[in-house]
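Each structure below is given as structure tokens.
Presented sequentially are two complexes of subunit A, the first with subunit B as partner and the second with subunit C.
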Partner chain A sequence: MPDPILQPASAVAAWTPVATAGLSIDVRDDLTIAGIAPFRGKAQAVSEALAERYGLALPAACRRISGDDITLQWSGPDQWIAIAGRGAARDLEVELKPLLAGPAAVVEHSDARAVGVFSGKHARDVLAKGLPIDLHERAFRVGDVAITHANHIGVTITQTGNEPAYEIMLYRSYADSFADWLRHATAELTA
Partner chain B sequence: MSGPQSNRLASGGRIDRSRALRFTFDGRSYSGFSGDTLASALLANGVRLVGRSFKYHRPRGILSAGSEEPNALVELRNGARREPNTRATTAELFDGLVAESQNRWPSLALDVMSVNSLLAPVFVAGFYYKTFMWPAAFWEKLYEPMIRRAAGLGRAAAEPDSDSYEKVSAFCDVLVIGGGPAGLMAALAAARSGARVILTDESFALGGRLLSERAEIDGGDANAWIARVRDELDALANVRILTRTTLFAAYDSGTCAAIERVADHLAAPPPHMPRQRIWRIIAKQVIVTAGATERPIVFGNNDRPGVMLAGAVRSYINRFGVAPGRRAVVFANNDDGCATVRDLASAGIEIAALVDTRASSPQYISELAAHHGVRLVNGVVTDVEGRLGVRSVRIRPHAGAPFTLDCDLVAVSSGWNPNVQITTHLGGKPRWSDTLAAFVPGELPRGMSVAGAAAGDYALYTSLAGGARAGHTAAEATGFSSPPIDTPRADDEPTSIAAFWHVQGTRHKAFVDFQNDVATTDIALAEREGYRSIEHVKRYTTLGMATDQGRTGSVNAIAILAALTDKSIPETGVTAARPPFTPVALGAFAGHHRGRTFKPERRPASYDWTKANAGVLVETGLWLRPAYFPRAGERDWLESVSREVATVRSAVGICDVSTLGKINVQGPDALALLERLYANDLASLRVGRARYGVMLREDGFLMDDGTIARLDEQHYFVTTTTANAAKVYQHMQFALQWLWPELDVQIASATEQWAQFAIAGPRARELLREIIDAAHDISNAAFPYLAVGDVTCCGGIKTRLYRLSFSGELAYEIGVPARFGPALWQRLLLAGEPLGACAYGSEALGVMRIEKGHISGPELNGTTTAADVGLGAMRSRKKDYIGRVLGERPGLVDPARPALVGLRPVERAQRLRAGAHFIARTAEATAANDDGYMTSTAFSPSLGHWIGLGLLRHGPQRQGEIIRAVDPVRGEDVLVEVVAPVFIDARGERLRA
Partner chain C sequence: MRIACPHCGDRGLDEFVFLGDARVTRPMADAAEPADAFHAYGYLRMNPAGPTDELWFHAAGCHAWLVVTRDTRTHVIASVRLARDVALELRAVASTTEDASA
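Entry: the complex of A and B
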């Protein structure tokens, strides 16, 4: 009988080696993520339930807010995601389903996403080679969220810090292709 | 004349004489200096014959000193980096540069193809249309190859491009296009306000025309002023300066495109550096300070090497420290061109005459000529003599007898065209100015302004002041206010002009468009043949259609046509300039998207294992799925696939189906939505069960098939085919957002969340029992065919189990969170070893679904209805759904429509081919007798022969009939028997076992 424990695979193993001087890549393999989609007219109720439990209401469109133990992020019209560290065995789908049963559809996305935080003085220039949006601090502030694409791969980007730091989230199966592009985009920094 | 830099001036120029660079041209070695272009280095070495023309193979030299160059086109570099039609006037010299002239054989000086010149009467305007008409059979085989060989310019590299390219987006408040005096002032004014500024310039140095003129700014050398401005801009964090960057297009809403030649000035880019980079610049305000391009005058033999634009002559003298000739004639209709005598004189070049087309020259010019002791003639140069280069010119004064002067250089100017191209890319038309004898920008796109020579302000002080004003205004428009900046002190030099285009009565051919070899006679011929619109003349003569887009020739052509048709220039109009402003390599547009990275790829859970175990992958959309897994000793794919099929049918196999689309559908109206999306009934689907479903397009044809599982009262989980996942999700969104926004439903893709594997075969349950935690009962009674449930596996891992079968065997699909996918895949293979399990891929899956008569891509091809593929009975009559009404059109319910059947070869050893057409046994194999075609075929290891599925007219009624499967492509004609489309376990007992 084989060992009963299955080792989880990293979605973003290929990203880490791309980091270089002026570009840090902090891969986030430890997240539990759940989608929250309120049904018709229930956004307020969902927001209140979340506020009561976590002290955070649903953020406005294109924004993210973080509390002590949860982050809430807009993810599209009438849709949000909740993000937290997985820790020992935290599972936001399991946690949120009873809380929001009735007013919202809750779906697990933990494994569906490849996530990493890109920071450092070259972060913006590297991302500009793939993302067609303005990442300058005058246009994209801390807490801003954009759903866009990089190198033909759909991504959600959030500015998480002024260093600057950007969290990039994309579908898991594209993670290696994204790493290919990253290597191409960072080649100049490796000289 | 030639020698080691024999024409290099003793001093001067913005070149670094301490850095000598070696290069070869047509195999001969030369040297130049850092700061040279290939053109200036060739001239420094006395080389003035540089290429042969497109059509007549006429000897050509260097006309300009910029990107407008129509003549000096060379092949640069060699091997995989050989690049044809490179303008020697913009190619920066680097050590080891290798260039070859093009369009000549056997050599530049002796080109046998120049016999085309003698055939000039054949190659007149419209010769393509006239000469190569008959017979039609010759077009492709003879005429086209012949024309291409004779007329082609350089040769592209045959090897794949060894360099890399990239694309980048940039955003700014103010984009300044061109770093000449106006552009520098505009950038400075905008930058000081705090606005984000991008300044582009196509040269490797900022300064524009200032680099080529002896100008003073603020009482000192203009070069010192450029350096001060550059230092200030460099120090500002809100400014990005892009040199070696040509802004080549303006698009909507302030989006512009530029090409940066990152490593073109190096022999080869270092490994980390892209060769070129495309900038997509999105600007709130765009200031065009793109300067102006000088025009030549049209006269006899005006294309001979040694005829050079006057401004270019000054560039070579002042910027590059090169004497472009030994004895010059200056021929101009304007002050700026005439003033070239001053720079020629100070470079020590002998001036044979200044020929001013004007009846009398302004005092400024006559004094200048007198000061330098130059003979001033008011008249015209009618012809150049000399074959491989200028030897003399024939001059016809307005008063007096014509005469000839020896010279080797003709500095020519008929005035300057503002570079209006960028201002017209969005459809605007330039406006004619009689004062300037030029087209100036007309109505501008919103957010765009023009300053300096591009606006027709040629004189220095006016240009500086205009730039400062434009920069200030643009910054203010984006919300950045600051006091206007001071314009530095400078003089406005005289710029008067009297329009003059074309010398009449020449002995020799006079060229208008040098690059496409269009002469004045071609325009006249086109006009005689009825082409009077400038757009028609352009296309008939090919004028302005070369890679230079007629930058030096177009206005002359318009003027000549205007004269021929007795119209004014504004009445004649101007042809549209379209992006790109200068040629851009296709590789740059492709960027990272080439070869394996042409598009992103998606990798399923079993990808790494498949690669490590020499499995073969196949593309399905963006996904790379395992196709089959060869084992040692297997001779070909068929043997591997047959072994995988046999294993599934006799033991158990494991297949990665993670790539199937998966969508969560939740909400009070989830069922209502699904009932309208799927053609079959879903209302009776209980919680904990799944059902096969088909989806139609609005037009009634099949769109996709998949399964619908009911996880909860208001929670459904549907699957789609791999290829249609995105399309089905879009279709659902369209239905929700547009067709029935009143439905209270939320949908979310779950494709990427779940790694999912099919476990199929008589021993599937045994294998699963090893994996699923003991607490969960998976017996046939507890978990029957089409059951669905959440369980755990491998010690508590979230698992969703489905009892579904595509293979026709006892089968399950097991889904786990994707991060556990690779480990579960290996665990299943390991646990399956004692059961004789193997991994199987999409090929074996394909064989088994054909054996079971299940439809797939070849049958779901956009032209079939549910009834065509045997699913007509699934269509619900109790509800409305997308595709129902149009699916009932007579053509779609015609009983004669080809419908799904199975086929097997009468001679069992024969192979069947998908795509073969069905013909009745005794009928002739013609399109009229076509009865349908074979959609899918496979070798069935279970039956030991080939089988097929096909769409056959009246198919279901023809079972038992022998027909022919005719494949004209492969020349095959096989007798096949029509049978039921299910070859294995027709009663479906296995999958319920």
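Entry: the complex of A and C
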């Protein structure tokens, strides 16, 4: 008799088999993510409320900022997302809704996204095969965010470390397609 | 061709979708000759050899609507503005004109 209790399946587990020397893939199944959409003219009020609570203001376009217990990331015109570790059942939607009830709409995003961090000496070369933007350090630095595509799959890429390390975030239902592309992009490393 | 998105910066054409002439405006339902007005709105387009305003959508990026001023002879882009800003400008001009005529 199979276990009748449903267990969550990892959307990003299919990314890790191509990890190899020079390419680490750290899947992030442990995140709580909430979308923040300030109402018209209320971005400043949202920023101040967040600054008071977490010590972080809303970042500028194409930027991410991290504090001790929360990360704020631009996610489009007049939109941001907040990211944190889920830890002991932390839920950013529940946490932020009362704080921003007046000036913004707060929406649960955690299970909508697949997230992984790519690092190591081959990380940039592998991602550059699919992403049409310039990832060279003179063009893309730590804290930079780009909404673009990887082999036609919409992704948000953020440089999270100097090694370099890049976080890739995409819609969960595209995680398998991304894994397929990743297998081709890393074939020269894993052969 | 590359388009400098006001939000995202310089991006390749593969991230954008072309949506046509940015100068056409939808007629009001009570226009004097509605059939003619909507026919013109739906079908009649200029085909200029020179600068033209076009609507582009940053589909694989930030999802902003843009008004791109492009020379059809050279593909040189003179300006890229947010369609929202252009629409708000037009609305401000229209309300000023109404005030003046009132």
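Criterion: the second predicted complex is superposed on the first by the 184 of 191 C-alpha atoms of A that agree within 3 Å, B and C clash if a C-alpha of one lies under 4 Å from a C-alpha of the other, contacts with A are read in each partner's own complex, and residues count from 1 in each chain.
By definition in this document, contacts are C-beta pairs under 8 Å (C-beta built on N, C-alpha and C of every residue); 3 or more make two chains touch, one makes a residue touch a chain.
Worth saying up front: this structure is predicted, and the values here are computed from it rather than measured.
In the superposition on chain A, contact of A:Gly55 is made with neither subunit B nor subunit C.
In the superposition on chain A, A:Gly67 makes contact with neither subunit B nor subunit C. Of the two partner chains placed by the overlay, only subunit B lies in contact with A:Phe178; subunit C stays clear of it. Looking at the shared chain after the overlay, A:Ala9 reaches subunit B, while subunit C stays out of its contact range. The partner that reaches more residues of subunit A, of the two candidates subunit B and subunit C, is B. Shared-chain residue A:Ile133: touches subunit B and subunit C both.
Within the superposed three-chain model, A:Gly161 lies out of touch with both subunit B and subunit C [touch as defined at top].
By the touch criterion stated above, A:Ile147 is placed in contact with subunit C alone, subunit B being left untouched. Once the two complexes are overlaid on the shared chain, A:Val107 sits against subunit B while remaining clear of subunit C.
Touched by subunit B in one complex and by subunit C in the other are residues 132-133, 152 of subunit A. Put simply, subunit A touches subunit C in their complex at residues 61-62, 76-77, 132-133, 146-149, 152, 154.
Looking at the complex, you find that subunit B touches subunit A at residues 164, 166-171, 196, 270-274, 280, 282, 592-593, 597, 599-604, 623, 664, 666-668, 715, 744, 746, 748-755, 770, 794-795, 797, 816-824, 827, 830-831. Subunit A meets subunit B in the complex at residues 1-2, 4-11, 29, 35, 37-40, 78-79, 104-105, 107-113, 125, 128-129, 131-134, 136, 138-139, 151-153, 171-174, 176-178, 180-181, 184-185, 187-191. Across the complex, subunit A is touched by residues 7-9, 11-12, 14-15, 60-64, 82 of subunit C.
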